[in-house]
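Written below as structure tokens is the structure these notes are about.
In order of appearance the chains are A, B, C, D and E, and numbering begins at 1 in each one.
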Amino acid sequence: MMNGSTIIFYLLATLTLTCGLLSVLTQHIFRAAIYVLFALIGIAGLYFWLQYEFIAAVQIVVYVGGIIVLIIFSIFLTQQTGEKLAAPKLDRKIWAALATFCGFALTIVQIYQHSFSSFSQDTVDPTVANIGHQMLDVNQTGYALPFEIVSMLLLAALVGCIVIALRNKTEQ
Amino acid sequence: MPNTINIILVLLLPFISFLLLGLLGKKYFSRTAGIVGTLLLLIATVLAMHTAYEYYFVYGKIEGLYHSFVPLQFQWLKFTHSVSIDMGLIIDSISVMMLVVVTFISLMVHIYSLGYMKGDPRFSTYYAFLGLFTFSMLGLVLAANIFQMYIFWELVGVSSFLLIGYYYEKPSAVAASKKAFIVTRFADFGFLIGILVLSYYGDTLNFATLIERLTAPESNEFKLAVSSTFLGMSALTWGALLVFMGGAGKSAMFPLHIWLPDAMEGPTPVSALIHAATMVVAGVYLVARLFPVFALSTPVVLEGIGWVGAVSAVIAAIIACTQTDIKRVLAYSTMSQIGFMMFAMGVSNYGGEEGLGYTASLFHLFTHALFKALLFLGAGSVIHFVHSNEMSNMGGLRKLMPITHLTFLLACLAIAGMPPLAGFFSKEEILLAAYQHNKIVFGIALLTSGLTAFYMFRLYFSIFWNKPYEGHSAHHGEGGWTMMLPLLLLAAGAVFAGFIPFGSYVSSDGLILPTAFHVTFSIAPVLIGLAGIFIAMVFYKKSTTHPNKIAATINGVYQAAYHKFYVDELYLFITKKILFNLIGKPFAWLDKTVIDGIVNQTATVTQSIAEGIKKMQSGKVQSYAIYFLMGVIALAVLFIYIW
Amino acid sequence: MMEPGLYHILFISTALFFIGMYGFFTRRNLITMLMSIELILNSVNLNFIAFNKYVWAGKMDGLFFTLFIIAIAAAEAAVGIAIIINLYRSHQSIDVASAEELKY
Amino acid sequence: MNLLLLLIVPLITALTILLCRNSLQVKWTAFAGSVVQLVLALVLLFVYRAEVVAGNAAQLFFEQDITLIESLNMHFHIGVDGISISMLLLTAMVVVAGVLFSWNTNKMTKEFYFLLILLALGAYGFFISFNLLVLFFFLEISIIPKYLLIGIWGSGNKEYSANKLVLMLMMGSALIMVGILGMYYIGGHDVDLMHLSNISIPAHLQKILFPLFFIGFGVFTAFFPFHTWVPDGHSSAPTAGSMFLAGISMKLGGYGCLRVAIFLLPEGAKEYGQVIVILSSIAILYGAFVTMMQKDLKYLNAYSSVSHVGFSLLALGMLTQTAITGALMQMISHGLMTALFFAVIGMIYDRTHTRMVNELGGLMKVMPFITTVLFIVGLCSLGLPGLSGFVAEMTVFVGSWQNDDVFHRVATIAAAMSIVVTAVYILRAVGQVAMGPLKNEAYAHLTDAKWNEKLAAIILLAGILSIGLVPGWLNDLLTPGAEIIMNRITGK
Amino acid sequence: MNEFFLLMKSELMVTAIIFLLLFIKVGKGMQNERLLPLIQLLLLLNVIFGFFFNQEGNAFGDMFHSTPMIVFEKNILNVGVYLISMLFSDWFKKTAHLAEYFLLMLSALLGMFFMLSSANMLMFYLALELASIPVAAMANFNLTQKQSSEAAMKMILSAAFSSGILLFGISLIYGVTGTINFEELSNYTTLSPLYTMAFIFLFSAFAFKLSVVPFHFWTADVYEGAPIATTSFLSVISKAAVAFILITVLYKVFQPLQNIWYVLVLLLAFITIVIGNLFAMRQQNMKRFLAYSSIAQVGFILVGISGSNTTGISSVVYFLLVYVFSNLAAFGVVSVISEQVNKESISDYKGLYQTNPLLTWVLALSLFSLAGVPPTAGFFGKFFLLTAGGAKASYAFMIVVVLNMVISLYYYLKVVRAMFIDQNETPIAAIQISAPVKLALIICSAGILLIGLFGWIFDFIQSLN
């Protein structure tokens, strides 16, 4: 029977999918950004629901607080607000729908036909302490190395963004 | 034993002449080429005569039988373990006889040409070619191996080509030389296949072994050759037939004769040498060389040879009656006489009395060489004098060129078979052989000899009698002694050669064949010959209109004969229309459009496919993504559900 | 209605994944295309977390994957937006159809 | 004798050419290098004869085996037998002649001679290598120089011809490559020719591999119907290019057909022998008839090459020892003869600036040397005794006739028929060009051959005559090799 | 600890250079004329250093591992990057952001190093992103050019899209197997449709990076629009890196799926070669032309990979070694001409030999090498690839593949023909080639000519297995 948790799950699921769908369908770019924001929040909710609070927090901080804001700023930079988005061509829509539907059907059928079986016994709680411990480990799990790679990537991305986005200073 | 060095020298001296004059002639022998060539050939002739003397009178006859010697043989090219071209020299009664004929006639022509070709810009080249021809002809005669014979056979052909086309700036000479080469080449194709057949079954290329194996009914080779059949004929028959095809081509037998009249485009001495006395009888010589095989193993083919010879003889004689170019008349006469030789072979058998035809044929070959060369050289003198080949431009020359006239008359009488000239004896033997063997052929032969007398005297009267000479005055007479001497020598030959007891030297089996001479039998042919002479005299001694009237009454036949029974046109039709238009052109078209077209089309199609699919690369990044996803889905479906 | 579990979440994530794809295919505005990419990446994140939670709870591989994907997504978005802004400067438009010069 | 010399000399020649300052230096370097190579080839011939006389009955002489890639079992295995030596001689002669005939090349001389020598290098390497990879390497080396030679120094529709030639040849070599890959695995990771000749390859694989090799090499040697590059390629190429194409390149194919396809895959050869016989009989006659219709001398000679090469392929299809010897003889004879023919055409073209038969005439008067050579070559082409063509063709015929069945006989007869057609077109062409009245007044002032042309012609003529007059030495040279191949076919 | 440094020496070296560049940029900055030689020197040191102190082992648990083969592969990439730094000197000197450009390039290189050394999916994914995101930025470095931005946009969007699919695949693999570790994955032998599908999702990302048809569409557009240095980096270095790791992934990680991926690889190889050739045939722009030709080349690499034996690995490594020299030489010449006279069309190259023989010969050599014509090393490269592929593939397939080599020769010859044969009234004027470019071109030519003739190189690679 329906209990609270289930209801919350379905609400979150509905929120995520509806907002996701709307975000790709709406003709207003600003609204699209907002729908994406809500879809991401919905996913953050699902993380909470799955009791992965740390990830949920990161999701909100990075996506909601970072990426979406970045996107909205860039919309301001490049778009006259209130202007409707150009509608895609019909044949493009048809083909896209067809391809995505086929892909979706195939994937979901495959997933549902597969029974995921677990061999793991003990559960590691996704607490911040555990995460932090493993993240900084250099020997056993060694997530320190990916961490460093990401930092290099962010550095590179930073440099790249600066050069590309600030071109007027030097080029013009 | 044969003197090998002598024989080799006979063969090589003309070749040395060719090399010397061909390579260095232009620079060092531009004037003296004729002397050099003649001297070398003179030595060769003397040696050849000596060889003949030694063979016939010293060592050749052992216990009454003429033996065959192979004084020299070396392997030239090895095909398989048993089949190889062994270059060798064969010395037997016919090759020695031919040796004499070839060198002698060639010497005559060499001498004659000293005067005839004087002042020609390519004098040395001319003598070089003569040397090459003589060498090739001697090689053919002396060949101990059928393939060796083929080799020299081809060389003879090419020398003939070179000499016919000697006046290379004259388009008609070029055309004639090509025609001669190609027609004989076609015949040689048959010869070649014939050699392949015979050599495969005989498992050898040497004449002696080949003949021995293919005539012995108990030998394995013979059995195999007879038992293998193709299109209903045994392999042996095929082989013999194809070999004869080569001989027929070279000897201008109907229907492969068309090149011979055209070949008269060459210098007249050349015609005398090649197209009268020597090369054209190579076919007869070939049949003689392989006579045991023809006579013992494939009588059918021999029968055929007889018919081909008879038909050629009569057709050529009829055509000769209508021609107005004196060299062409002589050419057809040559063809007719070789027809005689051929059917003489055809009506012969191997051995003993039955082998009369064989002896007669070669006898006729011998005598014919003499008087026909004489005729040609005489005609050459006439042409030299009047600068034309046409009868209509001649007439009344007997006073102007007495020696030529006399010798020409002797030759005409000889060829007409008037006793006691050489032609009489040889022709009588042929007729006798035909009479004994095949009455129909005999009839044809009789008719032909009448025609021969007619057209020869038609020629004679047209040149020397008829109307008075209207051309330029005699500015240079009959030519110098160089041109007269050969005429006289040959005339002597034409008169006296008939008295040689030929049967005691040449016979099918090597035994002596006593000369059979029946006076009673000779009456009919002589009378017929006289009748021919008489008619010719009536028609042509004075310029009359009789010939035209007769021609008009039998217009159809006359026209047909005048146009050589349209054989040339038939050939032209076959080559131009069928070979060029029906085979060559479609093939060329096929190659250009279809085979090459496929190659080019492959390229075009590839390019148009490339052009067609360029739209996929639309520059739209979203389309790319759709392709991406579709690709993934397709692959996933393929590998999950189908693979 | 069933008790929500792994398959439900997988349904959500898969659906979101293809919704994002649909957006990526059809949106003509570059920034909205970038948003579709974020949807796609989020659906993957959800997958990882769900598998980590329901199937492979013994280790935190999925969790870490998600964490790093989020970081990468940020970097990707940043570079993407920088490029788009630069494109806007040169093309005066961020319609994807305005940048179809390179083709065939 | 160290066979590496045969590779080092042209290599050094080519590199020296690159260092030369002016075109005269280039020409003399190329000439010197090619003469040295010719001398080497002759020395090789005599050394080989001496060895044979001394009783050395080895299959390969002067073998060397240098490991190239150990892990793939690739060896630089070189050696010679009589067949290779004859091919090397042919190549060396044609190269010297080609160098001499191109003496008045003025456009990019250095590049021209460099490419010529490179092409020759490929041929030398090809004929001495006994490892399929090395063989293939050298085969392909010689393709690109051809493209550039035709493309840069050619005439007429040269881009098209060069493209067609190189693509068709590459298609052939592509098939060979697949064949080699197959061999690599069949032979247990070893593509050494001698090794492969000692193992028995399953018949069903032979049936797959044989067409690959035979068609592949066949394209090089104008195997009907893959001959279409021949007319265009030859006609567009510069004189030396045509000479090399006909004299060397087409021989690579024939040699490969024999040495690789038939030698290694006798069962395949038996399987497809009849097909080869049919196709080459067609090629012989068809080529001859098409030749008859040509008006351009180079096209004429190119198509006649198709016909002549048909003889050697026909003989290969006949699978008898005599036929195989004949095929090799025909290759060598055709190489010398066609090279010389192209050279003569080139000489005539250089002077009259036309190659159309009907625009030429009476040249005998103004250039006796050139027309005499033309005559001799023409006569060689139609198989006149005393010249190499006759010896080769007759060996082919006799060899073909050894097959005792109607099919092979009919094919032989059909092929032999071409000697008549050949006579027709050769005499037509030669007669038209050399004989008759002088066609054009302007021709009256033309000059005869120069020293370089005379020398080159004499070298090639010497080859033609030495085979034509004394064929024994060539026969002796080729027979042992042919016997080994034949033994493999008959399974001895 | 010592061991650890040596194990990761390539990465550490590159990182050190990155930070050096960063400090230079953040600090006083340097003129391009002085900075570029410094960078070239550093990269040369990097190349040299790469050949010493090689270690084998793992670090950071299962995150990082190294073998002699991997080190050799990294060295190939190092050489490539060094050559790039030399070949495109003309363009580098002009660019306003030289330090940043190299910083990005080296970051990408670092990403590739990590990718080669990665031992699990996470590392692989991160390294892949590190190797591609900076390149997208690099594609935009002709900042004022429309085409450059378009190329960068196409690249970043396509790359993001493909990494989305990749991640979805990885997530499913993770869901099915419970591990992201390569070693453990290779022991997972229970096949299921979902696993297959996940593998194909994953594979498509490799295919995308390698520009395998039908995942290749971005390639030509990006290659054409991006600066040539970036294009050559993409087409040579990045392609080589992905090919190397693809071998590991297929041979090791997805060994159990061999029956599937063998067919998959052959199928895609076939399509890729054919389509790549068909598109390359009609190109006029040299960069675009090289892009398509490199697509076709990838098809051949796939053929080699399909061999699934040690020869397969060695032949791919060998081929890519040759490919680095050949393709970089080609791009180098194109770049020289493009920078000096701003011409990129094949028809502009007509008559080039008359004015610039050196450039023409180098370009011709490299094209012949790409076409696989002896005596260039490309011939051996192709031959070994086919040898590896021939171990299992059918004759029919091999014939089709090899015939496509002929088609490819056709279009390479188009360029050769333009340069050598075609006449031109106004050919490109004689170009002054600067010393480093000349040096690099000579190195490339030497590589093209000599690698093939030195058989031991292949043996050496084979011995690394």
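Convention: a residue touches a chain if its C-beta (ideal position, glycine included) is under 8 Å from a C-beta of that chain, and two chains touch if they have at least 3 such contacts.
From a predicted model like this one, the values you see are computed outputs, not experimental measurements.
Enquirer: Can you list every chain that touches subunit D and also touches subunit E?
Expert: B
Enquirer: Identify the chain whose mean C-alpha position lies nearest to the mean of all protein C-alpha atoms shown.
Expert: D
Enquirer: From subunit A, which chain is the farthest off, judged by mean CA positions?
Expert: So the chain farthest away from subunit A turns out to be B.
Enquirer: Taking contacts as defined above, which has more of them, B-C or B-D?
Expert: B-D
Enquirer: Go ahead and note the Å separation of the Cα centroids belonging to subunit A and subunit B.
Expert: Subunit A and subunit B have C-alpha centres separated by 102 Å.
Enquirer: With centres defined as the mean C-alpha position, give me the subunit B-subunit E separation in Å.
Expert: Chain centroid spacing, subunit B to subunit E, equals 77 Å.
Enquirer: Just how far, in Å, is the C-alpha centre of subunit D from the one of subunit C?
Expert: Averaging C-alpha atoms per chain gives centres 65 Å apart.
Enquirer: Using mean CA coordinates as chain centres, what's the subunit A-subunit E distance in Å?
Expert: Whole-Å distance between the two chain centres: 31.
Enquirer: Do you know which subunit A residues sit against two or more other chains?
Expert: In subunit A, the residues touching two or more other chains are 92, 95-96, 99-100, 103, 106-107, 110-111, 116, 118, 120, 143, 146, 150, 153, 157, 160-161, 164, 167.
Enquirer: Can you list the residues of subunit C that touch 2 or more other chains?
Expert: 10, 17, 20-21, 24-27, 33-34, 50-51, 55-56, 58-59, 64, 68, 72, 75-76, 79, 82-84, 86, 97, 100-103
Enquirer: What residues in subunit E touch two or more of the other chains?
Expert: If we look for residues of subunit E contacting two or more partner chains, we find 122, 126, 129, 133, 136-137, 140, 143-144, 152-154, 157, 161, 172, 175, 178, 193, 197, 220-221, 410.
Enquirer: Which chains touch which?
Expert: A-B, A-C, A-E, B-C, B-D, B-E, C-E, D-E
Enquirer: Quick one: in the complex, what on subunit E touches subunit C?
Expert: Within the complex, subunit E touches subunit C at residues 121-122, 125-126, 129, 133, 136-137, 140, 143-147, 149-154, 156-157, 160-161, 163-164, 167-168, 170-172, 174-175, 178-180, 220-221, 224-225.
Enquirer: Mind listing the subunit B positions that touch subunit A in their complex?
Expert: My answer: residues 622-623, 626, 629-630, 632-633, 636-637, 640.
Enquirer: List the residues on subunit C that touch subunit A in their complex, please.
Expert: The touching residues are 1, 3-4, 6-12, 14-23, 25-29, 31-32, 34-36, 38-39, 42, 45-46, 49-60, 63-64, 66-68, 70-79, 81-86, 88-89, 94-95, 97.
Enquirer: Enumerate the contact residues on subunit C facing subunit B in the complex.
Expert: 21, 24-27, 33, 96-97, 100-104
Enquirer: Sort out for me which residues of subunit E touch subunit D in the complex.
Expert: Listed in rising order, the residues of subunit E that touch subunit D are 311, 314, 368, 373-375, 379, 383-384, 386-387, 390-391, 395, 398-399, 402-403, 405-406, 409-410, 413, 416-417, 420-422, 455-456, 458-459, 462-463.
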